[in-house]
Structures are given as C-alpha cells and as structure tokens.
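Common to both upcoming complexes is chain A, partnered first by chain B, then by chain C.
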Partner chain A sequence: MIGLKGTLNVIDNSGALLVECVNVLKQKVNNGWGGVGDEIVCVVKRARPVSPAAQASSTAVKVRKGDVRRAVIVRTKKAVRRPDGRMIRFDDNAAVLLNNKRDMLGTRIGGVVSADLRMKGWGKIVSIAPKVI
Partner chain B sequence: MFRSLRAATKLLTRSTSTTPSPYPFSNVAILPPPPETAATPSLRKGKGIMQYIHKTLPCPERQALIMRLFSRRHPERLLPGSVVAVTLAHAPTSFSGVLLSVRRRGPDTSFVLRNIVHRTGVEMQFFVNSPHVKEIRVIQRAGGGGGKEGRRMRRAKLFYLRDSPEKMSEISAGVRG
Partner chain C sequence: MKVEIDNFSQFRIYPSKGRLFVRGDSKVFRFSTSKNESLFLQRKNPRKISWTVPYRRLHRKGITEEIAKKRSRKTVKHQRGIVGADMASILAKRNQTSQARVAQRTAAIQKAKSEKKEKESKKTKAPRAPTTAPKVSKQAKGGKGR
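Up next is the complex of A and B:
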C-alpha cells in the first residue's frame, strides 16, 4: 500500500537510492494505493553521485536528487495475497525506476522481488532479478 | 434409425455395467470419495455440523498431517521457533523459514514462516489445506522443555523476531551446525 509520501528503496543500479511516491498510476483512479506491480510517479530523494564518465557522456541516464521519474513497486511491507490464499510480506518497500515507455533505467537488480510482478506483466524485471519469491 | 438406437442403448448398458458413473450428466466429472462417517440423523438435524465439517473437509492424508503437526496437544506438533520447509506445487517451489505463528481455525489453519533472503526479511503465510501445499517438512524442532533441543520459546507468536535479526540468526545458526 504505497500512496502519496510513501518512501521506497530503489534496488536497481540506476543511481537513485530513495524515492518518494507522488502519484499512483492506476486506471480510473488518480489517487489510491499502489501495490506490487503498480506503476508510480516518484521523486528521487537520495541518489548516488553521478560518476564523471556518466557526467561527460550525453547518452547515459543521469539520475539526480530531485528528479521526477516513474517506477514500479516490486516489494511492499503490506501483505499481498496470492491466488491460492497465501500471503507474502517483505520487510521494506522497494521499487525499480522506469522511463516513460515502461523500460527499466538500470541494468541490474540487487535484491528479492515479488513474483506478483509476473502476473501484472513485468516479466522483464522478473527475469533479471536474482531471486523471485 | 434402429441401428443408431441399438448402438446408443448398447453404449448405455456397457457404460452402466462396467463403470457406473456416479455423476449421471458427465463421465469426466471427478467426485471426491464420500466421508467414512456417514451423515447421522442428528447431523441432518444440524447438531455438531461444524465439528463434522472440520473432520471431513480435508482429505484423510491432509487430515492426518493437521492432526499431527497443528493440534494443540500432540507431542509432535509444530512449536513456534522451529525451522520448517514447505514444498509447493508451483513456483516458487519451496520456501523455508522460522515458524512465527500458527493460526488454528480448523480447515482455515495457517502458519507464518519468516526467512531472510538477500538481506531482506520475507514472511509467507501458508494455508494448510491448500492443494498447492505438497509437503511440510520440519528441519529443526523448537525445544520442548529443555535438554538437547533447548528451551522452548515462551511465546505463541514470535513477532518480536521482526525487530531483532540477531535472535533470528541465533535460531538459524542451529540449522547449519
């Protein structure tokens, strides 16, 4: 249940560390709560310093503090129900940054992701995640 | 016309003589076997229905598993603090962790396992009667009352383990060693 002002850890190597949710992009509703597999608009609150090589290049993606980006939620502290009734809950909220075309910004994911992503259509993220539970 | 009629009756008699279909409208429908204790007159009146359902709803193997692992007084029951591995019928095929709590509600019985995967704590709640649950295996039993297995946990629900990773590693240290 991620809503306005909810903070999430970023688990890919795009450079952001902590993002804050600003809007949950769900059809038919502008506000509301985001769960695993929902796309959100977020503000980067903390980011790793941009490397000098990336700063020089014009094609590399530079994520800085204060950027407004899109992300998909991959882990939530609120329990999520699976179709057979199982509940799964993680210890933190985590997200993976995306661009406007729903492609990942980073190239690697460092951490567990929820298997509910597959059901919502994020098979690419599930395939590069080190562990899917 | 007579030939087709004769063929139809022959088919009917053949099917009824060799394999009597319990469901007359389809021969591919699978019906569960009837329970061993048939419905008594007092059951039909409505006395003790819930207890009857609790006994007969799960299949006998599953029922035996519940009676052994999730009853309140069985000597082999699962105590909170034991390390349990659950095998599922689909992906992710197995999940193991420390048993945090058992919620006893008859057919609705469920338990929560906690594990730390890639530096993130993950908790999963499994329902015992789910057909997806293939096997529940105890890796390390929590202590019963001192001795080799150690002292038992003094709580039924170990939610305090969420805030203390050192206690979790204490329990899991016994698994490796």
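Up next is the complex of A and C:
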C-alpha cells in the first residue's frame, strides 16, 4: 500500500537509493494505494554520487537527486494474497525505476522481488531478478 | 499440496493458512498464526516458550509413549563354539561334576610328581660327568699358565 509520500528503496543499479511516491498510476483512480506491480511516479530523494568520469560516458542512465521518474513497486510490507490463499509480505517497500515506456533504467536487480509481478505483466523484471518469491 | 511447518513453533501449516514473511536478507519464514509471528518478531526463543514443539522436544515431554513401545525388543543370546573349542567340548567342560574335576586335578598332580622324580634322578646321574671334566681341564690349564 504505497501512496503519496510513501518511500521506497530502489533495488536496481540506476543510481537512486530512495524514492518518494508522488502519484499512483492506475487506470480508474489517480490517487489511492499502489501495491506490487503497480506503476508510480516518484521523486528521487537520495541517489548514489555520480562521478565525473561516469557523467561523460553514460552507457547506463544515471539518476540524480530530485529527478522525477517512474517506477514499479516490487516489494511491499503490506501482505499480498496469492491465488492459493497464502499471504506474503516483505520486510520493506522496494521499487525498480522505469522510463516512460515501461523499460527498466538499470540493468541489474539486487534482492528479492515478488512473484506477483509476473501476473501483472512485468516478466522482464522477474527474469532479471536474482530471487523471486 | 504441501503442508509447511511453522518457523517458530513447528506446527503444521495447511494451504491458505498463515503468513509468509520475507526478511531483508531474503530468508523466508512461515507462520501459522499471528501469535507465532508476533513472538518471532519480538525475537523470543521458541525453546523457552512452553507450548512450542522445540520446547517439548528439549524437555522431552510426551515422548514416554514412544519409548515404552520400543522396549519390548530383547536380544536373544546364542551359544556358539569358538575356533579352538567346538560346542561339544565346551559343554563337556561345563557339565563336568566337581568330583570329576577333583579327580582330574589329583591325577595331574600325581603325574607331575612322578615326572619330577624322573627328572631329578636323571639330573643326579648326568651332571657328574660334566663336573669332573672341567676340573681336569682347569688343573691342566693352571699348570701351563705358570
């Protein structure tokens, strides 16, 4: 349940560390709560320092503090229900940054992601993730 | 259908029951009830909580029935002969009456005594020859040595 002002850890290597949710992009509702597999608009609150060498040659897009980007939620502390009846919850809220065309910004993911992503159509992220629960 | 076990109390978790918690280090914990979950997150030790299975195992509660069943087994000893003495000779020795043993002993003693006497008589005859011989040689040697 990520809503306005909700903070999430970023678990890819795009350079951001912490993002804050600004808007939850759902079809019917503009506000409301985002769960696993929902796209959100977020502001980068904390980012890894970008060295000047990396600035010049940027094969991977590096994100800076204050950027407004899109992201998809991959882990929530709020429990999610699986079709077999299980409830699964993680220890934190986490997201992976995207660009406007729903492509990932980073190239690697570090950490667990929820398997509910696959059901919502984020198969690419699931395939890159080291562990899916 | 797989029945999981609770990570705190080791109860059985049937499908659609309980919760699954993924910790920050990607370790998965299953809880059958919120009671288990709460105690786990308070970092209680299940070995000290008396209704959990780890505690019962540690304090060996409710196990006496299992042990009682198992005690009915008893190993039966079989008599076997050894390489040096087969079964028949072992039995014969064991079943000897004390009288027979005494008779054996006295017979053995008699035998030993007679043998000893023979030996002594032989000895008294035999060493006389060798004792005279060295005397002669010594005298001879002594004469030469001067």
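Definition applied: the second predicted complex is superposed on the first by the 130 of 133 C-alpha atoms of A that agree within 3 Å, B and C clash if a C-alpha of one lies under 4 Å from a C-alpha of the other, contacts with A are read in each partner's own complex, and residues count from 1 in each chain.
Operating definition for what follows: contacts are C-beta pairs under 8 Å (C-beta built on N, C-alpha and C of every residue); 3 or more make two chains touch, one makes a residue touch a chain.
All values derive from a computational prediction rather than experimental measurement.
K.L.:
Since both structures carry chain A, what do chain B and chain C do when superposed there: clash or fit?
P.N.:
clash
K.L.:
For A:Asp103 in the superposed arrangement: first (chain B), second (chain C), both or neither?
P.N.:
The answer is neither, since A:Asp103 touches no partner chain.
K.L.:
Comparing chain C with chain B, which touches more residues belonging to chain A?
P.N.:
B
K.L.:
Given the touch rule stated above, what does A:Val132 touch, chain B (first), chain C (second), both, or neither?
P.N.:
The first partner, chain B, only.
K.L.:
Taking the superposition as given, does A:Arg89 touch the first partner, chain B, the second, chain C, both, or neither?
P.N.:
both
K.L.:
Between chain B (first) and chain C (second), which, if any, makes contact with A:Gly111: first, second, both or neither?
P.N.:
In the superposition, A:Gly111 contacts both chain B and chain C.
K.L.:
Looking at chain A, which of its residues have contacts with both chain B and chain C?
P.N.:
Residues 75, 79, 84-92, 111-112, 131, 133 of chain A touch both chain B and chain C.
K.L.:
How about chain B: which of its residues touch chain A in the complex?
P.N.:
Result: residues 91-92, 95, 117-127, 130-132, 162 of chain B touch chain A.
K.L.:
Which stretch or stretches of chain A touch chain B in the complex?
P.N.:
So the residues of chain A touching chain B come out as 75, 79, 84-92, 94, 110-112, 115, 130-133.
K.L.:
Quick check: in the complex, which residue numbers of chain C touch chain A?
P.N.:
15-24, 26, 28
K.L.:
Taking the touch rule as given, give the residues of chain A at its contact with chain C in the complex, in rising order.
P.N.:
Chain A reaches chain C through residues 75, 79, 84-92, 111-112, 131, 133.
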